[in-house]
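You will see two complexes here that share chain A, one where it goes with chain B and one where it goes with chain C.
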Partner chain A sequence: MRGEPIEAIRVGLETLVASLRQDPFALENAWLSVITFNRTPQPILPLTELETLQIPAIPQPEAAGTHLGEALEFVCKKVDAEVTLSSPERKGDWMPLLFVMCNGKVSDTQLFSQTVPLLKRKHFGKIVACLVGHHPVTENVRQFTDNILSMDTADSSTIKTFFEWVSTSVSVGNRSIGATDELVLPPPPAEMNAII
Partner chain B sequence: MATIKIKATDGSEVEFEDIIIGQGGMKDVYFSPDKSYVVAFFRDKQDFNAKDRLQNITGIYRERIFNQIGGDYWKELYCWPTKTIEHNGKLGLVCPTYQKYFFFAVGSINNDMLGIKGKEKEGKWYASAKNQNKFLAPQERGNWFNYFQVCINISRAVRRLHAAGLAHSDLSYKNVLIDPTTGRAAIIDIDGLVVPGKFPPDVLGTPDFIASEVIKTKHLAKNDTARCLPNIATDRHALAVLIYMYLLYRHPLRGGKVWDTDPAKDEDLSMGEKALFVEHPTDTTNRVKVSDLQPSQLPQGDPAKIPYAVCGPYLKKLFDRAFIDGLHNPCNRPSAQEWEDALLKTVDLMQPCQNPNCWHKWFVFDNTSKPKCPFCGTEYKGQLPVLNLYSSRKVGSFTPEDYRVMVYHNQYLYAWHVNRNLSPNEKLTAGQKKPVGYFVFHNNKWLFVNQTLTDLEDKTENRKIPIGQAVELTDGKQILLSKEEGGRLIVVQLANG
Partner chain C sequence: MEENKEQEIQKEVSAEETPQAEKGETTDSQSENSQQPEEPKMPEITYQTLAILMKNLPNGKVKKEYEAEFDVATLKTEKGNSIASAEFEGLQAVGLDYFPEEKKIKGIPTAAGDHKITIRYKLGDWTDGKPVLLYTFTLIINPDPRVLWNNTPTPETIEYYKPDSDKAFVQAGDKNMAAASQRGRSHAHEGNSRDDDFALHFDTKTDWYALVVADGAGSAKFSREGARIACQTAKEICEAQLSKDGIAEVLDLAIAEYHKDDSDKNRIELYQSLHSEVLAKAAWSAFENIVKEAQAKVEPVKQKEYATTLILSIAKKFEFGWFVGAWWVGDGGIGIYQKENNQVEILGEPDGGEFAGQTRFLTMGEEIFKDRQRTYFKIVKDFTALVLMTDGITDPKFETDANLKRIEKWNALWEDLNGANEDGVKVDFTDDNAQAADQLLRWLDFWSKGNHDDRTIAILY
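Here is the complex of A and B:
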């Protein structure tokens, strides 16, 4: 991604933070971390409490390549380092939610295949892949999640809608729960196509 | 933005603007053009049973509550759906818009840094010490007395539902709007009402409020006879949690005990099979660990600093029943009526704190001879008149009632204090809602000024007190309030004397 979609994501993230701050449940509990990636992953926002965080500028990618494997490996390391696990003496953090926005392509296939099983063992509450671009590839992300959303056109309003949806997904913890055990996310916004 | 006009199931006209203003767990919500009502459509297709349930809720159940004498009283306590509609194959409901006071007038501190002005006053804002201490503007917070009023209104609304044989099934701080600036509350999301044996629940409830038996058996099939689903008894658990959270700003079961290192399993155990009151008098397993709390959650988050006993003897008894005896034993849980009664009696034990900077502003009298505010530690200065209420079951003899009224300056006395057959609730007539007299501290004396009582008599001195006259409150003084059936006698006690 370059240009408008990157800027739109930043604006979307700001919308996300603003709406999460208006949710008393999220405000009390949620922390957010943002990692960008092209050839290398780059944490642009370390794990931060909602009330204090500010969304930084997202650098335009200079290198081509979609090293999703490396990015996911990086996410795994961050989870190990930053998510406090429960110990018999102390309650840990709630299971993190992971939202991956990409075009679905993978340039580092070998690392990607090695990382997917690692990622699956990390006990995410939910992993959602959001595919951007006109011809998104679904088979790669399908290896680590069944929750795949495709944005038909990645313009700023679509991305904003997406982040509003992410925000309701984060606050879903204090919603009424149905008769099933799974963490049920709200339905995706109209502009997205859930791929089943 | 397009306005859509359709006909409701009852044939009346319904209009809404075609833009979603909110999304709940199951519904998308739209405004009417004049914003006097909202239209909410279920995203998923509803079966025959659901349709039948909604028709009953908007029809016969609603009429039974609202179309009776005093029915208007409940309009403030519920946001009750009025009509069902169908549009593009989706089933929906028409609901009145929430009252204006349920939207933030100021919002958060620092010129509303969170941007919540105009948003709904969802209960979670108030049930959390962190949100209260760090974010809410002081004008939005209300004082501790207001939270008692909020809890009374919630208990009353739940009591009325249960009296009609209906269970809400999903009481939570999301489904109860509160306004601590005025003490008002309203129950929303009424479309999930459960009727035992007729309309089963379609939600389990909201985390924090689901009863232990529901969590414990949720792995079983829905038609398994051992499976527990929301009903009136689980509503009672949720109500007890709501009251505990609004008065103490923490959760009664979320303590330091880790039952399983897998957080999902730990959650199920600590709210289900292993659920244990954090303030259990003898079992200290689940005590809150202060080191687990954030500084912004203190002092309210630490039960050692602010134990539940600060809520007074009547509520302590009910909390014990809800979170000790009844936690795993649904039939022992206090009913909504018991909560309402205990809250009302507790309000009569409350005193304004003499420290103008006290966060809570009010406290419940602790029955000691040297009363002090348990929150800020300020000792009560001066004499504190305590009225012990006695009532008559046969002419001439009076028996004690375990009912006390603390007196403070400019406090009113009401008809329900005068006669034990009256309760401050929806059944009072307009006349019975007016004060019968008031207390003042005047020229170094505590006086009761009679406004409307025709029988008022100073029994110690055998002297009638006519309307417009006052009687001094002295230690041991007996004052007869009414000679009618159920009429009460006051015996004055001066604490801190």
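Here is the complex of A and C:
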């Protein structure tokens, strides 16, 4: 992804954050981290609480390649380092939610295969994959999630709808984990296709 | 290339402006001499956009004092020019201002949103006729979360409807009982039902008190009913068992024996009688009734749809002091608070998981009755209060499992209940105050950042 779609994503992220700020529960509880990746993952926004968070500019990718394996490995490390688990002396965080936006391709297949089982053990409340482009490749992301959405074009209005949906998912997600270990996400927006 | 272009534009602008300015001067001099003066024209100002290199201002919050370091004198444009003077457009509209002497932007933000603030500025070498430059940035002011909460009543037409709040006061024997339960803001915001419940009972024939609180799991569809069934069943079974001839005397005797001699043998006998005949029996019956309800539906559902925690306690006064027994699954807390000797006895252990909101439920059935000891008891001379709470209260007031055992936290809770809080809400625990439950319900409205779950508390005092 290059050029206009990148800016659309930045605008989409701003929409996400602005709408989460309108949710009193999210405003006091949600933290957000943004990582971009091509050949290497790059954290453009470290895990930050919603109150102080500002969406930075997203750099244009300089290298081609979809190193999804490396990106997910990076996510796993971040989860280990940043998510607080409950202990007698410390209150734990809510289960994190992971949204992966990509074209579905994987250039680093070996690392990807090694990382998927690690990722699955990280206790995400939910992992959602959003595939961008016509004829998306689904078999890779399916290895780590059943929640797959796709958008044909990365135009700004579709991206905006996606992030609005992410916002409602976060609102639902951060308060309903408990007895029914399955977190039920809201239905995806009409502009997007849910891949079953 | 771009710099040249910029200069060209500037040239163009000055080419336009200079003659006007000159004309203006001539007009002025003419007006002194001429009889038909032309009306003076306001000098036209032109604007150009040029980015300033600056750090984003930190986000603010409505009604909360804002102060950010900001010094126009040290700013540079993206082309490296220094800035001579600057005005802000949009700052005052949100309750802020720039104070050059203090090098600060400060004030008290009045409106939430992503505000566009424009700096109109002049470069160091600015002279009349040169364009004024503009740079717009975003200043984020967060809303006050307190005003974002909606309070939508739960539709009375839903299955298993229950009122959004409940309270009870029981004046009895040596001590009174008060309980209150309030729907959490996160439920009220979406018009969802309260999932917590409680039950109180004092048996005038046996002098046994029973107090129960339960917290239905937020994610389970019918947990509100699970919590209700759990509380009602547990209360009824305790009541029934404790008035059965064969059981009440045996238990009373076991308690007296244990008080005389706290040997292992006496402890085990007391434990067995209390556990199998009263507490675990009541909890198991509660579980069974939930399963029955789940299966009796036209379209039967899994019992986990009724997932609930349960804290059940019975207490009775003897000549030698008070006996208190408890059975507990899930989070929340129960403690015998003794203010006089600065002590608290926690009757069990909360069930927690790795992440926030994770716990264990009565509806998990058999495993809950096998996994560990859940029946606890204690004999104390006297106590200030026996308190049962759901996690809507323990999360904000105790935060961690370790804190639940700390007397300082209990002292703070007791003072809080007695009026030491920002709203000045006081529960009057004197003997004949029939308003105690109403006061307790009002107290449950306390504000705590990020803690907006249903809250239920039952107190024997």
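Assume the second predicted complex is superposed on the first by the 185 of 196 C-alpha atoms of A that agree within 3 Å, B and C clash if a C-alpha of one lies under 4 Å from a C-alpha of the other, contacts with A are read in each partner's own complex, and residues count from 1 in each chain.
Methods note: contacts are C-beta pairs under 8 Å (C-beta built on N, C-alpha and C of every residue); 3 or more make two chains touch, one makes a residue touch a chain.
In this text the structure is predicted, and so the values were computed from the model without any measurement.
Of the two partner chains, both chain B and chain C are touched by A:Phe25. Of the two partner chains placed around the shared chain by superposition, chain C is the only one that A:Glu14 touches, whereas chain B remains out of contact.
By the document's definition of touching, both partners, chain B and chain C, reach A:Trp94. Contacts of A:Gln110 after superposition on the shared chain: neither chain B nor chain C is touched. By the touch criterion stated above, A:Thr168 is placed in contact with chain B alone, chain C being left untouched. In the superposition on chain A, A:Glu51 makes contact with both chain B and chain C. For the contact definition in use here, the residues of chain A common to its chain B contact set and its chain C contact set are 18, 21-22, 24-25, 27-28, 51, 85-95, 123, 175-179. By the touch rule above, chain A contacts chain B in their complex via residues 18, 21-22, 24-25, 27-28, 51, 85-95, 123, 168, 173-179, 181, 186-187.
Chain contact summary for the complex, chain B toward chain A: residues 23-26, 43, 114-116, 119, 122, 124-125, 128, 130-131, 134-135, 170, 172-175, 189, 192, 202-208, 210, 218-219, 222, 256, 258, 260-264, 266, 289, 292. Put simply, chain C touches chain A in their complex at residues 56, 58-59, 61, 112, 114, 140, 142-143, 145-146, 148-149, 185-186, 189, 217-220, 223, 304-305, 307, 352-359, 361, 363, 395, 399-402, 449-450, 452.
Contact residues on chain A toward chain C in their complex (touch as defined above): 14, 18, 21-25, 27-29, 50-54, 85-95, 123, 175-180, 183.
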